[in-house]
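Listed next: structures, encoded as structure tokens.
Here come two complexes built around chain A, the first alongside chain B, the second alongside chain C.
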Partner chain A sequence: MNGSLQIMLVDDEPIVGKRLKPALAKYGLEVEVFEDGPGALRRLREKEFDIVVTDVRMEDVDGMQVLEYVLANSKRTKVIIITGYATVEVAREALVKGAFDFIAKPFKPDDLRAVIDRAAKALGHPGIRKSDD
Partner chain B sequence: MQVICISRGTLTGGKVLAERLAGALGYPCLSREDLIEAAVKEGIHVGKIEMAMVKGRGFSDRLVLEREHYLAFTRAYLCEQALKGQLVYHGRTGHLLLPGVDNVLRVRVVADQEYRLKAAMQALGLEREKARRYVEEVDEDRRQWVHTMYGVSCDDVSQYDLIVSLQQFSVENAAAGLTAIAQLPDFQMTPASRQAVEDLRLGAKARVFLARDDRTYRASFKVSASDGVITVTYLPQDAGLAESIPPVLESLEGYRSIRTTMATSNILWIQEVYDPTSEAFRNVVEVATKWGAAVELMRLAPGSAEGAAAPGEVLEAFDGTIPQIQPSSREYNGGIEDDVAEGGQRTWAENGGLKQTVEELARQGRSAGGREVRGSQTHLLEMIDRSVPYTMVVVGDVFLSKGSAAQLRLAREFRSYLADNIKTPVVATDELKAQFLFGKRDLFRLIGYLAVVLVIYFLVFTHQRQILSFLSGEGWVMKVVAAVVVFLFVPIVAYSYGTVSRSFLKLIKIE
Partner chain C sequence: MRFKPRGVSGDSTRIDPIHRRSRILRRFLAANSELLELMADLETDLNHLEPGESHIRQPILRLLEGSLLLAENLNLLTRDRHKALYDAQRTIEKEVRGYLSAAAPSADRPLVIPLDKASSGKVRDVGGKAARLGELRVVMSEIVPPGFVISTSAYRLFLERNNLHEQIRGLLKDLSFITERDLFRERTATVRSLVEASPVPREVAEAIANGIMQFPLPWPSHWAVRSSAVGEDGRLSFAGQFDSFLNVPRDELQDAYRKVIASRYADRAVLYRLAGGFTEVDTPMAVLFMPMLDAQSAGVLYTRDPADESADLMLINSVHGLADQLVQGRALADIFVASRSQPWKVVDQQLATRPKMLTTTVEDGGDRTAPSESCDGPSLCGEDLRLLVEIGLKIERRFGRPQDIEWVLTKEGRLMVVQARPLRTEHRPVHGGQSVEVRNALMEGGVTIFPGRTVGPAYVARTSEQLAEAPERAILVVEDATPEIGAAVPFLAGLISERGNPGGHAATLAREFGVPSLFGVEGAIDLLQTGQVLSIDATHRKVFEGALWPEVEERVEVRMRRARTGESVGPLHDWLLTLNLTDPLSVSFRASKCRSVHDIIRFAHEKVVAAVFDLGDEAVTRGQKAVRLDSKVPLGLTVMDLGGAFPKTDKPRRSLTPEEIDSRPFQALWRGIADPAVSWAGRSRVSVSGFASVMVKSVTDPYGSIRQLGERNYLIVSPEYLNLNARLAYHFAMVDAFVCEVPENNYVNFRFRGGAASAERRDLRARFLAEVLLNSKFGVNRRGDLVTGWLRRHSRNESEEGLALLGRLMACARQLDMLMDNKGALDRCVERFLEGNYQEFA
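Now for the complex of A and B:
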């Protein structure tokens, strides 16, 4: 597996996508950003992503529901949870249910890239590295 | 004012009981989740602290400050709610949030594994095996949390007034029982308990003010209050902030005066390469813990202190209490910070383990910061801040580029030079254990000399007649012999007894 990694980023705060998308794209990742859970679920029905990065707290459909949907519909997609309201209970619930990893905000794009790199390798991808400008 | 704190384990039913109890008493009910919500709005990175438990990571210097801010904020918040009237609080550590307040009813709710597994399966939709994993892992994380945040074990039953198992009671009956207990005189407010809450609130609020202000948010403080007098203790490296403390607290309501003091006990540890996993580190931390001291690191850059001409310079400073927060990170960024520029972070090898060791000290609440310096002995001496009340200077491995003989000689000369020029004891790291910590050698010494002392006492007190007869012997020859024997015997007894006493005091950590 050597093509570009397909990443879905779900966070209801626009600033998160605005800051993370370019930081991930710089490493050759193809990122689609969604600011609501229902929109993300609709897209997941159409396309299988390699990695889904989702916030937990969102209106209508929360990150746990996104996680459960992905796990029920795609065996290979890795889900990374990000949240500013992390507690051990939420983190353990996500990990026990099958999330690949859990990152508490605030974090640096580098922190997320490191987790994505591990997830990519778990998918048989050689890993991510900075694209040539 | 009445406060009932319900400490709940993972899915033990404590939340339901707290809500039922609050309803029965007509009190407001506050949960840990409410506190976290408020703490996150305050800008505290609670999630980072929580995830340090899940991922088994140590606390960085930044997280240590987050912890201080979080503890102060939650305490102030709870005190303010309590001072408004009655309150039922439920969470992990309700029993620890209001220390020294006598009328708080502290209840722990427990349940057996089967009850909790079923609750996890039902509440989270998990299979049995996953539910078991969830319960065990969260239990362990919570244990870690309580230990890390408060330094106690949550399983210590002496911290609670009551332990309730919801297998034995229905929620309704447990709530009815607690309602009756809450009416007992022991749990009613007294002027002393109200004052204790006022003091806790004031101290905690002052710490929150210091964490909020741009002038002081990067430093570590210990803050307490008594009868309206706030005492702020800061570390020596933050002495420059002392003048800012009163203006920062000026708008705080309810205080009479502010006292600022510098922490009085510090150990300066000079070395070329630090390793937070080494025995030397453990020994230094153990001594610091025993003395309640903070440890300041001064890393000698390789090649330092050998010549006389090299000017002194501070190459890099890591403040154990100053996080590497860029100003922009105080502006809202959705929780996504800027990456560190490439080359912006030196590796472990490059900084001689200084930063990692400062972080580990900070995690253990013993850091007074660290810096990397270079220069001749004279200049290094000038870089030791004489206004800091050092209790001891520890010199570890220095001059590592030299051969072993030269290394030993230069290190000995360096220690002598320091001892001659600063009015503080200077010891080598390898002498630290022998001098200040109780080891196996001390144990053997204690046992050996204790045996000698006991044998002497036994012989003396069972042979008094013979001894008195010997001491009161006739003739000058016998008198001289008796005097010589006493002259030799007394120091032996004194030395043996002194060694036993010294070793015993070392064992019980009193020197």
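Now for the complex of A and C:
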């Protein structure tokens, strides 16, 4: 698979997107950041992303709903769930609904990069490298 | 269908005895027919459903109730002469009800079972593969990876939630691979797409999640998903019949689960079940999930040489990377032959060259085939070989017999076992130390997969289509022994393949069905020609031209017959459907000998008919008792008058001509039977159910002996009524009709079910009848080989026409087996018959 990976990042804490977007862009990833579920869902209607990274706990529309929406509309998209509190229920639910993986807050940009790299490979992508490599 | 327990005693005693008798009899015959229909349905249901399910419970209870009603009616008619029938019925009912209540509803069974808890005691929940592996894991946890099983209950839940039972049954019903290959493929493909399009129920998805969550964090990201069917690895191995998926990412496990389930309906899997006599209930599907092992190399270990069990040798096949190419027969493996006993050593080795390996490097994203520089050397070295032999011996000791083991050597250098099943070996001593044949062999060499000699015509198959056409008793010649040949294997005389591994699925199947086979016979496909008669000595790896050993052909025949006959499908089948009372003349044809509902029905029918005849003697003082029908068409019929159909005479007569019988429906039927266009000439003794090679006992007839030619077949008549009943074990032909001037009262019923032929031919015969009837105003219902046709409320003329048609059909249908052997011939026969051209049937 060629071309840059299209990533959606959904987290209602603005700081998360602000920090992660530039960190991921360094790897040649095209990242769109959303701070609310409804906004993310609107965008998902327009565009198919390769990977969606979403916080699980959000107002209005939570991460599970985003996950469900994504997989109902694009089976190939990989969804990574960010959990602030890792509970068994959340994990089971995410597995049942077909999330690709989880990442627990707090995490470093590099941790997320590693998860995204795995998802990219599962998509048949050679994996991500720093674009200036 | 309902059986109202309205006893005969409810009728007024003032009623004319003739009418009373007639009514009892008609009611009895109706109930009898309904029960037979229920049994025909149940026969299919028992193959598809678990006894706990309501689909099966309801008809069983109705059958029990119906059999009690028959017993009651019989005893009312005979003034309690057959009271022992009550006891027999009670015993059967008690057994059946006990069995039903013990069959726990599947809802109570767990959906996920950790591999550690899967053992042979849970084989119905976890399937054969998982049960053996689970057992090994308990005793040798260091060599068996952990995992979990999604149980057969989950499988049933999946089918139930998606309403797949009925749909699948509908699609697979009456399917013939022989006459309608395209339709067969189309239907199985439809079933698979139905399964793949069905959502995995929430509970099952949760069960998979729970299975994953039993692993410590971080949960394994890639998994092997394998079928583990009940019955798999048992009597027959189902080798390669179901799909396994390797390197499945965690978020695609539900998809993989569905695909494994769908693979249950792959063409070859469905055919294999048919060929092996397996039923749907025998083989529900569990699915085994195990984290992927990062494989350095993998392969198959036979703890004995399958071709010669007495040799003190183990056989090891090994490839770099994963073993799936190997077991699919697509990759060549390194082959090592090692001694089993001390001092341990490799006695022979044969290294293969391979261009590719299936990588399992999880970091690489898995399922891709990539060249690897490590392919150059042997895929297994000294110390690991030795360890593998030790593991093999250990597992063999555990299960008490030679094993066929799938193993993996991880990149960390650990040897792991991912599958173990009994190895089919041939124990018989190899005849003579050397081949006694002096004549020159056409070909020599290759690897013995299953030893022995065989004779048959060669059939060279280069394409899948040709493979599907492979005739029975042929020696199949193929380029590659892929699992695709599985469906053909049971019916082959022999097998020659240019490629293919002794550790592959095809090899396992060949051993299972005892088909003498040679693999690795180079140039076979070009040298050998379809139709050329060959003799193979697989033991000595020689192929000769011509039929060298005629006695061997017989053995092939016996083997094939065995492959075709299924076994009892369990206690319910025994208590409900098995017919033990097959011979009404036998001393054991007694009420107390009834062991199944079918026995009760059979017994009651015989005795009710006899009782009605006796009653005839009592009630009609000056009338006729049963008489012989005297005609040029020698049907051997005994006719009984319900009143008014026989001429009034002073002296009882022993026989009557058809013309003397005053019965409208009979005259109409007879018009057809005696139609000059349909010839009965030249047949000195023809059974009344001429339809019916039913008179001929067949090797596939599970019901044993049946009424012999020349025994009485009953015809019961009154001026407006006719009942012709040639009832032969489970196979019967029946015409039941009432014809008068009032269309509202008129009916003609016809029912036929015949054995004494292969399933294919029975099927064709049933179709012929169904199509002719459908084209002749009859309503028709066909279930398997039971054909029911009816005319209701037709005018007198139309009803009589219908009866005449049945008469002609009886005359013609008897030749059908000889005329029809495929769909084309079937269509032609139907056409001819409907045109009124009966020449061909003469």
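Following the convention adopted for this analysis, the second predicted complex is superposed on the first by the 132 of 133 C-alpha atoms of A that agree within 3 Å, B and C clash if a C-alpha of one lies under 4 Å from a C-alpha of the other, contacts with A are read in each partner's own complex, and residues count from 1 in each chain.
One rule holds in what follows: contacts are C-beta pairs under 8 Å (C-beta built on N, C-alpha and C of every residue); 3 or more make two chains touch, one makes a residue touch a chain.
Fair warning: this is a prediction, and the values are worked out from it, not measured in the lab.
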**OP:** Return first, second, both or neither, reflecting whether A:51 touches chain B, chain C, both chains, or no partner chain.
**Re:** neither
Original post:
Of chain B and chain C, which one touches more residues of chain A?
Top reply: B
Original post:
Just chain B (first), just chain C (second), both, or neither: which does A:87 touch?
Top reply: first
**OP:** Determine, under the contact definition given at the top, whether A:33 touches first (chain B), second (chain C), both, or neither.
**Re:** neither
Original post:
Taking the superposition as given, does A:122 touch the first partner, chain B, the second, chain C, both, or neither?
Top reply: second
Original post:
Which partner does A:15 reach: the first (chain B), the second (chain C), both, or neither?
Top reply: first
Subject >> Touching partner for A:100 - first (chain B), second (chain C), both, neither >> reply: second
Subject >> First, second, both or neither for A:23, with chain B first and chain C second >> reply: first
**OP:** Considering only touches as defined above, state whether A:108 meets chain B (first), chain C (second), both or neither.
**Re:** first
Original post:
Taking the two structures together, which residues of chain A meet both chain B and chain C?
Top reply: 88, 91-92, 95-97
**OP:** Can you check the complex and tell me which residues of chain B touch chain A?
**Re:** 10, 36-37, 40, 45-48, 50-51, 53-54, 124, 126, 130, 133-134, 137-138, 141-142, 145, 329, 332-340
**OP:** Please give the residue numbers of chain C that touch chain A in the complex, ascending.
**Re:** 202, 205-206, 208-210, 212-213, 221, 249-252, 254, 363-366
Original post:
Any idea which chain A residues touch chain B in the complex?
Top reply: 11, 13, 15-16, 18-20, 23, 82-89, 91-93, 95-97, 102-110
Original post:
Tell me, which parts of chain A touch chain C in their complex?
Top reply: 78-79, 88, 91-92, 95-101, 118, 121-125, 127
